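Heads up, the next two complexes both have subunit A, just with different partners, subunit B and then subunit C.
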Partner chain A sequence: MKRTPHLPEFVTLMLAAMLGMDLMISSANMLIFYLSLELATIPVAAMASFDLEKKTSSEGAMKMILSSAFSSGILLFGISLLYGTTGTVNLPELSQSLNGSPLQIMAFVFFFAAFAFKLSVVPFHLWTADVYEGSPFAVTAFLSVISKGAVAFIFITMLYHVFQPMLHIWYMMLVILAVLTMVTGNLFALRQQNIKRFLAFSSIAQVGFILVGISSYGTMGVVSATYFILVYIFSNLAAFGVASVIAEKTGKEKIDDYKGLYQTNPFLTWMMALALFSLAGIPPTAGFFGKLFLLTAGASRADYWFILIAALNMIISLYYYLKVVRAMFMDKNENPVERLHTSNSVKLGLIICGAGIVFTGLFSWIFDYIKSLS
Partner chain B sequence: MNLLFLIGAPLLTALAVLLARSKQQVRWISLAGPTVQLAMAFALFYFFRREKAAGNTSQVLFEQNHKLFEALNINFHFGVDGIAVAMILLTSFVLIAGVLVSWNVEKMTKEFYFLLILLALGAYGFFISLDLFIMFFFLEISVIPKYLLIGIWGSGKKEYAANKLALMLMGGSALILVGILGLYFLGGNSFDMLKLAKTNIPENLQQILFPLLFVGFGVFTALFPLHTWVPDGHSSAPTAGSMFLAGISMKLGGYGALRVATYLLPEGAKQYADIIIILSAIAILYGAFATMMQKDLKYINAYSSVSHVGFSLLGIGMLTQTAFTGALMQMVSHGVMTALFFAVIGMIYDRTHTRMVAEMGGLMKVMPFITTVFFIVGLCSLGLPGLSGFVAEMTVFVGSWENADAFHRIATIAAAMSIVVTAVYILRAIGRTAMGPITNESHLQLGDARWNEKLAAIILVAGILAIGIAPGWLNDLLQPAAAEIMNRIAGK
Partner chain C sequence: MNEVLVLMKNELALTAIIFFLLIVKISGGMANRKLLPVIHFLLLLNFALGFFFNKEGNLFGDMFYTTPLIALQKHFKPWRLSYFTAFLRLDETNPAPS
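Let's look at the complex of A and B:
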């Protein structure tokens, strides 16, 4: 973002969004939660349009703000129905007065839909690819990693603690949406040519896997989802980091442009490959452990078909991740990306992500530490 | 003996390769590492025999248990039984031969050796682990190196083959994953193989989990009809890659099918034994006849691998102790033999730049050493007494014959008939390439094997002879472990 003339505004917006997320995670009141969710969303939409010269940037921002407003409306409607049936907006009291009446179920569905939008769960994912593609890389990374992580945390808390009386309902919803999300995300990712759109759909598929973990109602669900999000942050940041370095220096964003990258930029290629292997769940990266723990958590309810579908989805996802790997390592290219000079700060950032990818998995105490927190 | 050395040595070697400065350094480091590993494998064999001779009757030796993911009860638990010792010996043999054969790889030498050693690391880890999760981890580690080895250094339709291999193997692992997760929850949240072997899993659940595990491992070991990655993968891979794929990777699957699927789910194994027998008999015959039609030396060995590995699966399906021993012997024997076969093909290809049988002839006159080894390995493949193939296949047949009913007899006879076919294609291929007049003038200038190739061939030939002439040591290793599995099936 060095060349942006409006750096102070950008940073302010980003900090505002961060504040919103912090508030959101610690809120114990529906209205505060709603407020902080908005605070975490609207600045990001403004950030998405920061690439002032690109039409797609403002298009993406527009799409985001419109669909976000729509989902907020649904969320508010859900909250008002909840308030109407229980007479409270405080979360602890709310969970005690839920009885699973049809009206409450409807309210819950609205509530769920709003979350599904933020997490870009299929069929609420339509904004994702356009926004990811249009926004500057920093915003895309922020959106796909940090904002998604924060929403996933609060989603788990809401499901496990507040809507715990409706367990049988949301379990079925989660299973169906998880399968839909994984399959759709994967199938669309197969066809993408642009690396950002590719990562957008792959991250939709990843959310599907997180839902698999969440669907196991229990400590393992929280722990494995948290752990996976941690791993996912490292992996996705590394992938976006490499892509952004290349796009910033050369403007190339197509997967075909990555052909023969290994010949000119071995460091970037290895980092990208490491990140993609981690996203695909290949050992010894942490992604392998993350995905396996999610599936283990999901399997605790003995729905083996569900787990089998998830496991088979891992194969589809491997196919498209390998497509990029193949382009980088194997394909020949007349004019590959030239040898790029990466600044030390970028290198350091990538190395931190790489170390995170490798060591979060192999150092098992990290997982045990997360477990001890929950 | 501390088994951690077995995974520590390849790990250190791989890291040292990364740090090396010149190609020459890379080569010598990657030769030194596997030499140490070979020595360690022999030491392991020696200590294992000494323990057994001293009367140690425990199922696994040199056991170690380190806590890993405590929350999930995943432990770094490992130990070896006879089967594992035999497999580790096999791995170290194939690895050192693979390194020697690829001495002249000029393209990205460092990466090549790094991936090769990573493959070996996966295999060692797989064979020593007693925790299903860790086992799965090591099984998966070896998929991507194979993909890259074929895709970068391969030939022919390499990208297609690499993709097919990676996806089919991942498909197999997906089935294995669901299977071991099922075992985990049924066995009271434990991945520990020794503990799971003591729990009784309800029969109806065994019927669900067994096919998942067996087919999953079956993909790795070319279970018919999931063998299709084998011909493409083997023929496109670089020489060392093919040696590893056929010599070790396929054995990971066979080991898993016996040691995990059959051992942990005996009722399931009984239920599906007939299907396994039918599939493996088809694989044996189909592989043999398909080989008859091949014109490319690598395809010949790839299809004949499908046929030969079928004997291992047949042995597993027969569910007798002798047949199990035979199946395991076949794994070891085929591992050494096929690695040597691919090594020889690679040596011939390096010189003639063709793998087509029709374009060669009279090679005996220009490269006597290579063709002699070619003869030895061919005779081993067709089951000549005195070489390893005969011992293994004979044991499988003897074991199969213990089942007296018509179905098992017919399957055994059908499988045994394939040996005739094998003799036809092997003798034809060798005869056309090695004997007769030299058909291609340019072949007159070709030289014989260099020191590295000679050494690799000698190491593997030694392996074949050691099993063929004195199979007692291998039998001593495998028999007690096979008996243990058989006990579990018999319900003792």
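Let's look at the complex of A and C:
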């Protein structure tokens, strides 16, 4: 990655993964869905091992391919059970044929587990931090936003349109796993020192919030999750963008290295702070509105204890996000990151992300537009 | 045929860029500095394409379907990808210390 001698191959792999994700979102057949999921996963594993100078890159890729193979196996088993009990793999027909028999419940559990692997839902998240830490920054960002976003979209479609007859089963599973995911992601993020691992656990916690919105089972669930994923893209890309600039130029990846960053790199510091404010859900950033809509959607089913736990988790997350902000702005460092020169394209990318974080929240018509489409 | 072009515009555009990159590679390659702006431009085109012709419809015996919301969900991605290639340019011009 550092000198990118194989740029066309890298971009081809990335585009192939994108193509898989596009097909996956549009699939109305289990087999098309499975094939596109594989097309979306295998190139990413190859991308994860692109930094040939780092052993951790190969290790991350190996862990990713093994966990993906495992989850794909589980998914295939679930699909085969569904086919065995309903006689079809077409999603609309499948939805009409489900009757909640024990075998179908088992199939659903396998299905759910496979999605949980891809989304890094606790307790299927164990691969995430190692893969994120080992992979090149661009791949980590790709994995955390694009990959998860696409899987979340198809996950919503599957739950709302295919497994709709099993609503009472998946709702309870979703609530329990959402709570586990938020709590575990936050508690582990609290003690991370490496910025990649920190963002990995933070992204696990964010997935928990997405599950809160999905649990509402309604238009608001789809709209709030889609809106939040859009906001999350801007926020996470900005955070990874800044971390990438610092790591690529100085090799520094520890949060302690960010102490005193404001003195030498005010632009990067402000961008990182804006991204972290959005991830924490501090108003008036878009992250605040994203989480507000998710919690509002989740509250529509009147499980207020569930929303209370989610809100408490937002408070916990404030602590660790603001810890980084404090380190950048207020902590002293005798050996801070030196003044870095960033290229115009990267600056432009960060400014687009910053604008996205601010304006997606302030322009309410974006939410209304998504709502009008659903 | 027209319906395939409209409903699968995201997928077809991505496939076209993949083919372009393969042809570039087979024909002896191009310097990263020259290739990156071309990739940015193609991805920008792909992004711009996402604003138009977002219809609801099915293809291939209902195995593929799309709606304006699905088109929007797909649309998020080309923009993101162009951002990543900006990072690659950074890597090329500013190699990290060994």
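Criterion: the second predicted complex is superposed on the first by the 372 of 374 C-alpha atoms of A that agree within 3 Å, B and C clash if a C-alpha of one lies under 4 Å from a C-alpha of the other, contacts with A are read in each partner's own complex, and residues count from 1 in each chain.
In this section, contacts are C-beta pairs under 8 Å (C-beta built on N, C-alpha and C of every residue); 3 or more make two chains touch, one makes a residue touch a chain.
Worth saying up front: this structure is predicted, and the values here are computed from it rather than measured.
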Partner chain in contact with A:Phe153 - subunit B first, subunit C second, else both or neither: second
Partner chain in contact with A:Asn335 - subunit B first, subunit C second, else both or neither: neither
Partner chain(s) touched by A:Leu318 [first = subunit B, second = subunit C, both, neither]: first
Subunit C versus subunit B, contacts on subunit A by residue: C
Which of subunit B and subunit C A:Leu295 touches, first, second, both or neither: first
Residue ranges of subunit C touching subunit A (in the complex, touch as defined): 10-11, 14-15, 17-18, 21-22, 24-25, 29-30, 32, 35-36, 39-40, 58, 62-70, 72-74, 76-78, 80-81, 83-97
Subunit A to subunit B touching residues, read off their complex: 220, 223, 277, 282-284, 288-289, 292-293, 295-296, 299-300, 302, 304, 307-308, 311-312, 314-315, 318-319, 322, 325-326, 329-330, 364, 367-368, 371
Complex interface listing, subunit A residues touching subunit C: 1-4, 7-12, 14-16, 18-19, 21-23, 25-29, 32, 90, 92, 137-138, 141-142, 145-146, 149-150, 153, 222, 226, 229-230, 233, 237, 241, 244-245, 247-251, 341-343, 345-346, 348-349, 352-353, 370, 373-374
Complex contacts: residues of subunit B adjacent to subunit A: 67-72, 74, 133, 136-138, 140-141, 143-144, 147-148, 151-152, 158-159, 162-163, 166-167, 170-171, 174-175, 177-178, 181-182, 184-185, 208
